[in-house]
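Look at the two complexes coming up: subunit A is in both, with subunit B in one and subunit C in the other.
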Partner chain A sequence: MTGPDLVARDPRRNSPPDADSRRGWRRIFEGSKGAGIIAAAVLLLVAFPFVVPQPQFWVVSIAIRSLWLGVVALSLIWLARNTGMLSLGQMTFFAVAGYTVGVLTTQNDVPYVVSIPAGILLATAVGAVVALIAVRTQGVYFLMLTLAVSQLLYFLVLNAATLTRGYQGISNITRPEPFGLSLDNRNVFYFLALAIAAGAFALCWYVSRTPFGLALRGIRDSPERMRALGYNVYLYRMLAFTFAAFIAAVSGALAFFYHGGITPGAIDLLRSIDVLIVSVLGGINSLWGAFAGALGLTMLQNFAQAGWIPMRRVTLTGVVFVVVLLFFRGGIVDLPRQLREYGRTGRRAWNGWRGRDLGGDRPASGRDGDGTRPERVAVGSKLSPPGRSGPQIDDGTRSTRTGER
Partner chain B sequence: MSAPPEPAVPASHADAVLAIRGLDKRFGGVRAVADLDLDIGHGERVSVIGPNGAGKSTLFNVIAGDHRPTGGRIVMFGTDITGESTRKRAHRGLARTFQTSKLFSTLTVGDNLYLALCGRPGSVRRLRNANRDRARRARAAEFAERVGLGERLRTEVGELSHGEQRQLELVMALATQPRLLMLDEPAAGLSPAERGGLMDVLTSLDRDVTLLLIEHDMDIALVVGERVVVMADGEKVLEGGPDTVRSSDLVRRIYLGGAPDGR
Partner chain C sequence: MDQILTIGLNGLTVASLYFLVASGLTLIFGMMRIVNLAHGAFYLLGGYVAFSVLQGTESWSLGLLAALAAVGAVGVVMHQVLLRAIEHEDMRVALVTIGVSLILADQLLVYYGGVAHSVVPPDFLSGGMELGVAGIVYPRYRIFVLGLAILVGIALWLFISRTRFGMIIRAGVDDRDMVSATGINVRVVFAAVFFIGSALAGLAGAVGAGAFSLAPGTDVEYLLYSLIVVIVGGMGSIPGAAIGALLVGLVSQFALGYTPAVASIVTFALMIGVLAVRPQGLLGRTA
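And now, the complex of A and B:
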């Protein structure tokens, strides 16, 4: 009895030796076989501003907001996926970049060619300084520390009114006109945002594939061993955090021109939390999740604001966050797989229930009396969230295929 | 603790790989390693045995740099490394395995070995595509082959069996081309067949590699180890050849009898 049971209970033994552990959508997106899908997506993104319904300005604006919000979330997801550090402080670097551009150009007439790189550079430098302390901590402490830094900056900005104009913020900017194309035109701006988002995504994706990126995941899994192998764990963590700050800073500069300025309200606590919600909503296990989540949240918030959903914006965001955490931990990107999983567990629970109804100890399960079977049914019937371990970053590739047959 | 019944076998100091003097490690009130001296010469194979809680793993962690000693000195390859970081010690040619698996469990076998190959500073270009680094990938595959994992390069380490993980630990340490290799219970939880494979790897180890081994399995500890150090309660209670240890009443008491009153 125990012999075959042991074999059956170890699913690893049954998988082919070099089975690619990525499954479903993630494989399509991340593998080279998804070229067709990627081509279609590119076509859609390029054609988008020309085919959207009226009022066109509003719809394109949603897309642009999704793009820059997606880039901030990208910085959070990249950091979380590769290093296990969940940062709530990405808006800090976003804000530093935005305010630097604003203060330099709007109030001191420095040309954008200088102020934009300066803003991104300064924000990255601030990231490096924060990293000096932050990467020494982990888990909740890291979360609280990064959140504290972002709040520190928020109040700093609010109070340093001579520089930042306090709660009024910096507005009435003149947008630059690269190559004679005015960024006041929403379609032009859309393509700029698209290019920057694509660039940021490609950069994050590439860095993950370098020995540097691999080493980060090694550190996430086992810092002790990385040290024993001769890696400077602290330096790696610091560089990773700084890189994520750079990505967030790029988004900050972009959003500065989207809003036509920057106010403390754009970097307050709710915005910091928005970035986390975007990441979780989209799927914190995949870089694509950043943009899926940004689009999702932007649309939700807009619908709520427009009165289409009878709920206040913040309440709605909270409800969605809780639902995602409870039932769809893989987020939007992983939705198809999770729904399939629910279908399967639901069917199994239904069958089990019906079986019990018909004849109690009927040996329909093929095996009875050894105590394993009822347990499995119980697992299935609880509708446990499939697979993912939520914001505690795991690569997420090990799905719980409890009792799958 | 009683004095060693025999004089310790001294290693020649000229080519000492490791020289430990008066090493002390306390955790609060617990003295995990107490006033320990140990010399290991070039190419030696030394086993450390002793009951659970004897301080063997603590000794390893102190030598590797994970714990700072509370007293004493460690000289490795002729340099005092007592205050040096784990990383620097690794750069000097120290490699170790861990008692509990500390592999990169969400990475593949190939990536684990690849990271082991990239640990030391030097020729690695950290910002190129790691999959295009054909030379190192090929070497990673060679090392995987040595413990029969050649077919499983793309398997996630978390999906390997316990025995396979232990063997991967071993080749990852070997992949760093160490001068001093420290193995913490490499045979724990291995099947008899896997133990045989482990023995083959250990006995065929290059003589340039010095080996320090913690092992509960006496077959391995006394066959691979040419010199055996017996620890109990943080102290070195006996040091000698395998035969000495095998015939020692003290060792028998420590391992089998427990305290003399028969507990």
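And now, the complex of A and C:
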């Protein structure tokens, strides 16, 4: 077993990083010329809080939440992309950072200037300790181990009630006022979150392009070869895991002020899964996917909460997750291409079906007689790059057929 | 002394339940390389099915059987409908089972609400039992749970080491492709293994709901501990699950008894300690 196949071997990722990122851009903006679009995007993000109706809902419930959720997902995606390790434990570091800031400031009167860096530092250190063990495992073992760690922390928080106040959690904090700007103001908070998200994104993007990042990807693709070349594979994996823990910790500190505190409910299994869902929904092959997925999930959950979608929030989350995993492997970032692909398969099936109706019993290509899933589908989707072969599940075929009847 | 014994017995009780849950998880993994993260939700489902059947028919044993059959069937359906097409991608399969677990647990919450339920054991299993050691009286039902786990463990061991079907399973763990090349219908074997593995979670839920209560969140707890059990014992090994369950059950209960605040750190330390020495788990084989 070499790494998770969820993070598929994509030939693009073996090409120089620059080409990689440019194509990522193009996939989002449909081939338009760069600078103007970036400027428009920046303008949109800056103008956003001033132009939307119901700013309490759109800015606070949607935008800011998407930003900090996106940063946690960013840490997961960065780790998955560069090392092939899919972690379910990013909320561990998020929680350690949040709780450290909370405990230090509310119970020991440590000023935020000290407690915030201390929280992030401690969470990063916890990340390094977990990494000691976790990076020795791979694939589903790694997934299980990180999941177990995050849940153990959850139960620790519940049981160590003298420090963490158990179920109640830490609340009623006073938000800091850097440079005289109060974070109670939603626009100030929005721009702070935007700046932090942009900074985290830039850092992840940059680290991927350093020799360190390139070595990580070498290790992901062939640890034996990199070991033979003299790289300390274990150390590199550990550092990568610790870096991802740091990014998650930054988000933890940010979310602490967003919620005005932290409770065990904010770090339970559902939240860990939320982070995973965000990454898969947005597209785990692209760093942008973190924010696309965070926005998507936040909107879905808020709409379900508000009753605009007649389904329970958690059930809806689960259903969307399963559908994306089975049918939209590239996530939101890759959605246009996948829809085109489905359209093509659908048309081909449609033509095949019509051909068969008119021309007798000639079996149409690309369709399998009965409902049996051919082995080719599963094997093909594993081996061939998602960038080119597209969704390999023959569902487009089937839906067309049933629609026809 | 009394306290040590009582905590030890409690540890054995939870170890029994952990073993029942984890043996299903490890059986499925050993055969198919599928990590079923919906296993905790299956535990919860089994408990609730037993609860409903008990309410309807007043028969406790019927409740147990119903939980066994229903959860086994749900497992098979999940495998056939959602997992078969992607079963070569172990990671994606694990993630899909997380999705199933979310949906299942949430729907159970809708149906049964957030109140804790429990499956009341029949008269001949309720009440206390003199152990004859240090005058301890221990709930008879918990002794029954321990006995059941031992019985299931022996049955599983006999089934796997002494029957033809068990032989196929063992061969399948070693080399799945070769087994199918010898003309055995691996599909049927897979479905059967998924049924047995899921049914074990259902049985554990039905039995566990008599010793402890059922509530939303129970699924996460049992998923977590069965994961730790198989990580410690070694993925795919049923004796490993037994040893792992014993270790995790005893360590977690003693930690809860003596240092409740940091109990999960002690469990975590156990896991780290084992993995530091044997990354593949106590009885696991290297992947």
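Methods note: the second predicted complex is superposed on the first by the 317 of 405 C-alpha atoms of A that agree within 3 Å, B and C clash if a C-alpha of one lies under 4 Å from a C-alpha of the other, contacts with A are read in each partner's own complex, and residues count from 1 in each chain.
We adopt the following convention: contacts are C-beta pairs under 8 Å (C-beta built on N, C-alpha and C of every residue); 3 or more make two chains touch, one makes a residue touch a chain.
Quick caveat, the model's predicted, so the values are computed rather than measured.
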| item | value |
| --- | --- |
| Subunit B versus subunit C as contact partner of A:Leu86, first or second or both or neither | second |
| First (subunit B), second (subunit C), both or neither touched by A:Leu297 | neither |
| Touching partner for A:Arg136 - first (subunit B), second (subunit C), both, neither | second |
| First (subunit B), second (subunit C), both or neither touched by A:Thr210 | first |
| First (subunit B), second (subunit C), both or neither touched by A:Val275 | neither |
| When both partners are placed on the shared chain, which of subunit B and subunit C touches more of subunit A | C |
| Subunit B-facing residues of subunit A, complex | 12, 15, 17-21, 206-207, 209-215, 217-218, 220-222, 224-233, 394-395, 397-398 |
| Residue numbers on subunit C that touch subunit A, as the complex places them | 33, 35, 37, 82, 84-92, 94-96, 98-103, 105-107, 110, 220, 223-224, 227-228, 230-231, 235, 260-265, 267-268, 271-272, 275-276, 279, 287 |
| Contact footprint of subunit C on subunit A as seen in their complex | 1, 4-7, 86, 133, 136-141, 143-145, 147-149, 151-153, 155-156, 159-163, 268-270, 273, 276, 280, 312, 314-315, 317-319, 321-322, 325-326, 373, 377-379, 381-382, 393 |
| Subunit B residues touching subunit A - in the complex, by the definition given at the top | 64-66, 85-87, 90-91, 95-96, 98, 102-108, 111-112, 114-116, 118-121, 124-131, 133, 151-156, 158-161, 172, 176 |
